[in-house]
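Residue numbering begins at 1 within each chain, and the chains themselves are lettered A, B, C, D, E and F in the order written.
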Amino acid sequence: MIHITRRERFNAAHRLFRADYSDEKNNEVFGKCSNPNWHGHNYELFVTVKGDINNETGFLINLKVLSKIIKTNVINKLDHKNINLEVDFMKGKLASTENLAVSIWNELEDNVNVLGAELHCVKVVESENNFIEYYG
Amino acid sequence: MIHITRRERFNAAHRLFRADYSDEKNNEVFGKCSNPNWHGHNYELFVTVKGDINNETGFLINLKVLSKIIKTNVINKLDHKNINLEVDFMKGKLASTENLAVSIWNELEDNVNVLGAELHCVKVVESENNFIEYYG
Amino acid sequence: MIHITRRERFNAAHRLFRADYSDEKNNEVFGKCSNPNWHGHNYELFVTVKGDINNETGFLINLKVLSKIIKTNVINKLDHKNINLEVDFMKGKLASTENLAVSIWNELEDNVNVLGAELHCVKVVESENNFIEYYG
Amino acid sequence: MIHITRRERFNAAHRLFRADYSDEKNNEVFGKCSNPNWHGHNYELFVTVKGDINNETGFLINLKVLSKIIKTNVINKLDHKNINLEVDFMKGKLASTENLAVSIWNELEDNVNVLGAELHCVKVVESENNFIEYYG
Amino acid sequence: MIHITRRERFNAAHRLFRADYSDEKNNEVFGKCSNPNWHGHNYELFVTVKGDINNETGFLINLKVLSKIIKTNVINKLDHKNINLEVDFMKGKLASTENLAVSIWNELEDNVNVLGAELHCVKVVESENNFIEYYG
Amino acid sequence: MIHITRRERFNAAHRLFRADYSDEKNNEVFGKCSNPNWHGHNYELFVTVKGDINNETGFLINLKVLSKIIKTNVINKLDHKNINLEVDFMKGKLASTENLAVSIWNELEDNVNVLGAELHCVKVVESENNFIEYYG
């Protein structure tokens, strides 16, 4: 059993708020992250998959294929987008990094399984000081 | 003569577009950076000042003072903001990193001069692959 | 279950030695880290907590609260200090990064539990080539 | 139980290919990594060992000793070498990062055990976007 | 006048040696970098251009265009290649990072001028400890 | 003319204070950096030299020789030392990063000249947020 990790990146705008909260309440709970005019981040996404090495290729998984799966299912939907308004798999969810990591996992899991590997971890880095890891 | 550099960071949303361009033209010139729903970045700002070492303190400039000047005049106006809509010193300008660097220089120059030092460079890092430097 | 990590930093002086060792023995066991005049590091501290996402906020834990807990209980006691002489929770212990990681865990565990989350890992990075992880 | 990680680095040339594949097949499976004239990388190697803290020294393991073991058994055999042609422990294996990580584990395991610690993870970073982890 | 920098990356094999030197002399002058079986690096290339901001676009230069120029003229010729054997603009030159930086400058200068900007610096990073800058 | 930069690192303890200041005054001017029990840093030192490429070797300067000069004259005197108490070239000077950069320049200038190159810049990085550059 071996683990391989691929890093991809995306830039996006988002806002943390609840429509059923007053502006005051949103500000109290989410602080400046609730700014109605949005703010944004350079996100880093680390996707780790695990499985056995294929003796013929020496690979667990072809990294080009893994990269393409991540781009098609996740990056192309998030990059240079507004997470609250434009990302189908985040519709109706609070645009927190926690929810983002879980939703990215759900987008990737089946697509990784098809390759004969197993999704192990989705890590989303929001800034040099904060990151989320989800193991399913 | 010595150079000292202080790094500060801010997260912001922005959009590249011209109101006098059609959507098509905006997309042609600015690509996905023209997304009407905004996107964003973790920006890094490196401010370099130069001057002589003060023999009494061994400092060119007190870094806490420099940091406070940058935060008061620049970071607090940009962090968790929408550069197009909310930043007084970017009003009426295209929200490019080039214009951002020049505008930050203008906000800082007099405030650094007052400290007996000279502003040397404003560097704005938009992503790990792109950055702008302005020397006045 | 999700994991969230917060990075904080501190600069400190320390020395590795045993009072019951001769200078020669200290030098043999601890090398230049036993210098009686101290040396120091820029330490990075990564604190990982785990738990369930709060459906109302989309958070596992409010990062501002977590950051405040780490600063109050750990960073303020270590930053710009001498680990051997001035840090209450390191009194009587060898100032190794291993002992530092365990002691930081002990300072944080109860304070994290109160927030409804669980402390998962304390990682202390001493240099770009060396780091310690403690999982309790 | 505590974990300590040491980073070492090496630069090497390699090529991914099978002698029993045609050039076309090699190119199809391994892409530009199959270039017969070789290419290369700055590899980073992170070796994590685990065990109990020695109360007398405050160490899990003396990092100088760990570093020496890694250099003698791994780095000196890989640094500025051709992985396919010159590295004894890679002879007859596809020079993938996956196989490299497993082979490095095998070179280190007994040498770490002798020190009274246990090898926990070998992580090989091939580029800023790709890395492999092997846990035995 | 403003400066903009674009980073691109390439992986390549190379060897430092002179055909008119004996093996001993090559080893004496170039050390393990003269290994006849090659070694390699992850190179980082930072290309800085300077000029005036275009008032209509807020850009000095369109970064996508700059990136394409660098990829077409430099990266595609170097990435996953053997610098000594396969790179037209390095033919007959010692494959040192110094010569690489000068040669990359020569490949880029006219192509940047055509865009109405001026090439300012080519920086080639060979490892985290070594880099070359060439200003023409 | 080409520029080459070598990075070296050292860990050291220091304190900012004046013996002719009261404790209160030292605290007012130097803040927590004046702690009488010392603190410390992982310093990074970037030494840039410039000159012409030697046509026979393709080098501006042999990096191993440059590294040895930096280690002999600077790193070995600073690493795991107390800058205020133990470093000959800092005796009688305030242990600021500014003074450190100038003093390191003075230690290196003649030694670089002997190699047929010219010292261009000494950059001392004290933390990820602060660094000093000295150009002589």
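The working rule: a residue touches a chain if its C-beta (ideal position, glycine included) is under 8 Å from a C-beta of that chain, and two chains touch if they have at least 3 such contacts.
Computed from a predicted structure; not experimentally measured.
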| item | value |
| --- | --- |
| Any chain in contact with subunit A as well as subunit F | B, C |
| Contact-graph separation of subunit B and subunit D, given in steps at minimum | 2 |
| Inter-copy rotation, subunit B to subunit C, in degrees (Cα atoms; steps of 5) | 180 |
| Inter-chain centre distance, subunit A versus subunit D - centres from mean C-alpha coordinates, in Å | 29 |
| Subunit A and subunit E, separation of their C-alpha mean positions in angstrom | 34 |
| Averaged-CA centre spacing for the pair subunit E and subunit C, given as whole angstrom | 42 |
| Sites on subunit B at which at least two other chains make contact | 128 |
| All chain pairs that touch each other | A-B, A-C, A-D, B-E, B-F, C-D, C-F, D-E, E-F |
| Subunit B to subunit E touching residues, read off their complex | 16, 18, 29-31, 93-99, 101-102, 128-135 |
| Interface residues, subunit F side, partner subunit C - complex | 9, 11-14, 32-33, 35, 37-42, 79-82, 85-86, 127-128 |
| Parts of subunit E lying in touch with subunit B, wherever the complex brings them together | 1-8, 48, 53, 56-60, 62-64 |
